[in-house]
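In what follows, chain A forms one complex with chain B and a second complex with chain C.
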Partner chain A sequence: MSKNVKSVYSYTLLIPAAIVYVTFFIVPTVFSFFFSLTRWTLIEWEFIGLENFIRFLKEPQLFIGFKNTLIFTVVTCVLKVIFGVMLAVLLTMNIKTKHFLRSVIFFPTLISFVAVGITFKVLMHPTSGWINQMLGLLGISGPNWLGSPRIAIYSVALVDVWKGVGFATVILIAGIMSIPKHYYEALEIDGGNRWNAFWHITLPLTRPAINIILTLSMIYGMRTFDLVWTMTGGGPGFSSDVIASIIYKQYQAGFYGLSTAGNVLLFLAVMLIVFPFYKFLTRKEVSV
Partner chain B sequence: MRYGLQSGTRTRFFLWSVELVAMVICTVFFLVPFYFIIVNSFKTSSEAAQFSMSWPKEFRMIENFVEVFTVRDHMLLLAYYNSTIITLFSILILIFVCSLTGFVMQRRRGKGPLVIQFLILAGLMVPPAIVPTIWVLDSLGLFKTMPGIILVMAALNIPFTTILYSGFISTIPREIDEAAVIDGCGSWRLYFHIIFPLLKPIHSTVIILSSVLVFNDFVHPLYFFPGAENVTVQLTLYNFMSMYRTEWNLLFANVLLVTIPPMILFLFFNRKIVDGMMAGSIKG
Partner chain C sequence: MRIHLKRNRLWTRCLVLLMAIVITACGSGGGAGGDSANGSGAGLETGSSDSADEPVTLTLLIDNQTAMSGIEAVVKEIEKRFNIVTQFELRPGGSEGDNIVKTRLATGEMTDILFYNSGALFKALNPKEYFVDLTDEPFAENIDDSFKEVVSVDGRLYGIPASTASAGGWLYNKKIYEELGLSVPETWDQLIDNLKQVEAAGKIAVAGSFGDTWTSQIVLLADYYNVHSELPEFAEQFTNNKAKFADTSLALRGFEKIAEVYQPSFVNEDIAVATYEDALRMLAEGQVAHYPMLTSALPTLEETFPDRIDDIGYFGQPGDDPNNHGLTLWMPAGFYLNKESEHIKAGLKWMEFFASEEGMSIFMENMTPDGPVMIKGMELPDQVYGAVKEMMPYIQGGKASPALEFLSPLKGPNLEQITVEIGLGMLTPEEGAARYDLDVENHARQLGLEGW
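What follows is the complex of A and B.
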């Protein structure tokens, strides 16, 4: 390629994106490290060292955010993969309504978290909610989904799975569809059954798709806010607070430095958990 | 799959039962909540307060919708207006800056594109720093303003959109660029006259996907666009949740109204949305 052609991809073309991205994303991210070490009112700041971080790790109503974020992330990652694989296998079988069903499952992805949160808050009402009434018909007395401090975060995680499983399913369907058919034919000649086909062909060969879902659900799980905020507001008490909702509460209370320290901790958590996890997943993929 | 193609009675029975199970699971789990929203938005307030799935005894559809729109001095209309403007302008910015970035990232060789790629991946993973962003907006005089929230929404959606563009641009042959350069095109002319028009299919994907993402966004307007007049559709819904404690029919009517725009987009552009979301996430 001539020099002339190469220089036509000038870096000046990047200026518009750089202005927006640097000003409104990179600058705040970089400065968050500094402001997390301060007591801050937006106008003036006072350097206080690691005090904000120590508070985050010491005070139970702040520290619970880490625990809940972890629970939320693990529950949503695992369930999205399990249900996603089940639904994807189901919807790649030779059934007539599969296109319709794929749309049905995917549709919740497009509804806002607030709308989903409000709807499920009502459906999960302990006495008159539809879910507990259905369970009641089966003779099961349903729990107080959002009102019990022990299970509130799990209930919210289940709703997140409901909303996000369609997306996981669609990615997994693409993964399953890309498996060459003759693998299954060879297995059938060797006398394998459906279960063997799933276990020895479908599952290992959709690993890349599963990894994508795990990584994405992890990233979104760790920064989750909308559903928690609309469904429980972090309550009862602060039993279902996640890191993101604590950041918001501290911001509302005017503790800007503390709120920013929460942001930095979230940043570090994402970097320390998601990056190595992703590296680990992709390395295994290569060696298989 | 070969298993599906066998025509034995056992296989046919198996597939038939799978279909039945799939239908039941999918409708019960995924459609019942919508049905619930719709029927309850048609009821009277006392009937909706029972949270029941039953068909409305008395239809109050029009009255409910009119009331939702007029309440609080037509707050919802203002919210629709704000959300539309925010969505429209942030998409315009995204189309312009991300197609440029995707173009350079795709075409250049060497260290430059790697740096861009790293920044974009970081942007996909790292949650935005809330208060420092407010600080930046405030020092630029953009906090609580429409341009402020538009620029933030654009900035936060740059990574995903750039990935969509760079994936598409990789399918455009370089020979086109070379021919244009020989004809005397500079960087910007090549981009605006040759490349930009070729990106039409991906422009429409970006428009559809980003409009859903920006329109549905709750947390960023909550932080960066506070104020009595600065409502967006999702914020109104959230505010109405506390206000309508006794008038569930209006709350559900509101939920339905907020859900309709993405629903319409989905009905028309089902394939484009699914493919676009997959492309963006898989390449990322």
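What follows is the complex of A and C.
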């Protein structure tokens, strides 16, 4: 935006929002930076410098937590975009039940994470769960989805994709619908086929939408907690712990200063990764 | 230039507003202070109503996993006699519930009476700050000394027993034992031998329920009698950072026993996701022969499988010496009286009755006890679970010791995850013990204990 454009509204109008933002976001953030440097019992605190940060970084399960967070983030980001694009293209085509299907795809987004987590925990039970019983009917012996340390985090990630793909699809549908029709007409005159249309028009021009999905699911993935906690509790053992569940367990144990330090670190890590990532993505955006 | 000016004005406005907020916030804080002054006036009034016959309502926070029939019966009697009504507030159990208790204490929102664990968990609450000192109350004398120890801090008593004690060890299915001609093992090797025979007979030897992670710690915790009887000073040294699990071979044995018991050939297939209820069902239905558990599971078993409760037996986790086969005791939870309560007098009366012989007998009439009574001079009624009868000879023979969490304020919060990993073979016992030592160190530092 060029500098000589006069702003339409007075800054005074920002004040209500600013008050809310300052009291509920800025103030607690500043507080948490402070308490992360203390031994804190919620009533009393004692300043202990950086000890909490050192302790937090020494947690033996932290490495697993980082690894799992990364796995979870990458798997959910990639799959949400791939399935989202496929579904969005399908649902912008001329099919009869498209409005109905759009709502169906969106429904999982409306259910709470806890409800989804508990439901899938039952469905994924190794012997009595429906998923493995279905697979059994097909003659496949299904894996121990949540009980096997090696695949538990992937099972949770898959459920997250199931729940989140509807949201991605809706954003992508909006992106695809905003592409002017004459691009496709031009392609048709030039003799391009459907694949060309998808590869050279739809995909590049939905870049902004894809970027939003990637950024959002990346931020979400890095601080993911609800599904992991309800489905595996970070288990078996520590095998599906993510950073947020490690922090939560410390909070549960009453280590308030330590868990606050963990949150500060998580906050910094998310900022450090997401900002450059978003900058990188938006640089390549093509405007319509 | 113009833009700059505007920016500056914006910032000044924001600043002025922020100051305004801060000032009004202070103002309302003062107002609250005034209110609380009024509140203490009201307190005086209620104080007088305590002595009269006007009904007083006490609130009581309790977790939703405790069998309530005994408590409810006593509470009804208290209402009849003293016109003191008790209103229960339920909270989740486990660490989720710990959270609620700690937060409500810290924010001054605690109920009049709190039901909560004794031992390490209780001591982590900073009791001096929140609970009424009961040391000089006359009813303090009725309470068994071993229980007093686990609800006292710096020699001051804060709680009364909310139930009977229970034991950690092995619940077993007597029918399977009969069928296979097995006898109760006196040593660890005999126990392993029994497990092998059950396995050979095509049954599941041990039920594991790692879906409820806390159940995975029992084999370690219930082994504490074997540590205590040879190394009574371990608890103190452990608290003072002078002894570690990893380099005390007797204590490390507990971690090794987890690995020995939860071998894939001994346990149920779905061990990683099975729950406490699943395991109890398998034990009652005779699908598995053993379940390492606390005897506090017996009331739940009775509720769910009333006709199978007599098939369930108990033995303490054996060590290596057949002549020194003992059990590890779990102290019951306690009731604690909130210092900030407006009905302290009524609360004390409530506690006096609950901790009396009369109160405890009403309790036991309505809920079959799962272990020894914590009121001095009281015996168990004739009507007890068969498993509890098997438990009493250990106690009468002096072969019992409290679990470590009742002798030390330290308990690492990640123990249950560590024991799951050992049980599933993801960690060796040595690695697990070392990791637990680190976890304990975290806890000690957070408590600000000396010597760490």
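The definition used in the following text is that the second predicted complex is superposed on the first by the 257 of 288 C-alpha atoms of A that agree within 3 Å, B and C clash if a C-alpha of one lies under 4 Å from a C-alpha of the other, contacts with A are read in each partner's own complex, and residues count from 1 in each chain.
Heads up, the rule we're going with is that contacts are C-beta pairs under 8 Å (C-beta built on N, C-alpha and C of every residue); 3 or more make two chains touch, one makes a residue touch a chain.
In this text the structure is predicted, and so the values were computed from the model without any measurement.
A.B. asks: With both complexes overlaid on chain A, does A:G235 touch chain B (first), chain C (second), both or neither?
C.D. replies: A:G235 sits against chain C, while chain B stays out of touch.
A.B. asks: Would you check which partner chain A:Y11 touches, where first means chain B only, second means chain C only, and both and neither mean what they say?
C.D. replies: A:Y11 sits against chain B and chain C alike.
A.B. asks: A:T206 contacts which: chain B (first), chain C (second), both, neither?
C.D. replies: In the superposed model, A:T206 contacts neither chain B nor chain C.
A.B. asks: Could you tell me if A:T69 is touching chain B, chain C, both of them or neither one (first, second, both, neither)?
C.D. replies: neither
A.B. asks: Give one of first, second, both or neither to describe whether A:H125 is in contact with chain B, with chain C, with both, or with none.
C.D. replies: Both partners, chain B and chain C.
A.B. asks: With both structures superposed, pick whichever of chain B and chain C touches the larger number of chain A residues.
C.D. replies: B
A.B. asks: State whether A:K181 touches chain B only (first), chain C only (second), both chains, or neither.
C.D. replies: Only chain B is touched by A:K181; chain C is not.
A.B. asks: For A:S245, select first, second, both or neither according to whether it touches chain B, chain C, the two together, or no partner.
C.D. replies: The answer is neither, since A:S245 touches no partner chain.
A.B. asks: In the overlay, answer first, second, both or neither for which of chain B and chain C A:T23 touches.
C.D. replies: Both partners, chain B and chain C.
A.B. asks: If you stack the two complexes on chain A, which partner ends up touching A:T38: first (chain B), second (chain C), both, or neither?
C.D. replies: In the superposition, A:T38 contacts neither chain B nor chain C.
A.B. asks: Can you give me the overlap between the chain B contact set and the chain C contact set on chain A?
C.D. replies: 11-12, 14, 23, 42, 125, 251
A.B. asks: Which chain A residues qualify as touching chain B in the complex?
C.D. replies: 1-2, 4-5, 8-14, 16-17, 20-21, 23-29, 31-32, 35, 40, 42, 90-98, 101, 103-116, 118-120, 122-123, 125, 128-130, 162, 166-167, 170-171, 174, 181, 184-185, 188, 194, 197, 212, 216, 219, 222-223, 225-226, 229-230, 244, 247-248, 251, 256, 259-260, 263-264, 266-267, 270-271, 274-275
A.B. asks: Considering only the defined contacts, which chain A positions touch chain C in the complex?
C.D. replies: Within the complex, chain A contacts chain C at residues 3, 11-12, 14-15, 18-19, 22-23, 39, 41-43, 46, 51, 55, 58, 60-61, 125-127, 144, 146-149, 233-239, 249-255, 257-258.
A.B. asks: Quick one: which bits of chain B touch chain A in the complex? Just the residue numbers, please.
C.D. replies: Interface residues on chain B, with respect to chain A: 1-5, 15, 18-19, 21-23, 26-27, 29-33, 36-37, 50-53, 93, 96-98, 100-101, 103-104, 107-108, 112, 116, 119, 123-138, 140, 151-152, 154-156, 158, 162, 174, 177-178, 181, 185-188, 190-191, 212, 215-219, 222-223, 234, 237-238, 241, 248, 251, 255, 258-259, 262-263, 265-266, 270, 273-274, 277-278, 281-282.
A.B. asks: What does chain C use to touch chain A in their complex?
C.D. replies: It comes out as residues 3, 6, 9-10, 13-14, 17-18, 21, 95-96, 98-99, 102-103, 106-107, 124, 126, 129, 210, 213, 269-273, 413-414, 417-418, 420-421, 424, 426-427, 435, 438, 442-443, 445-446, 448.
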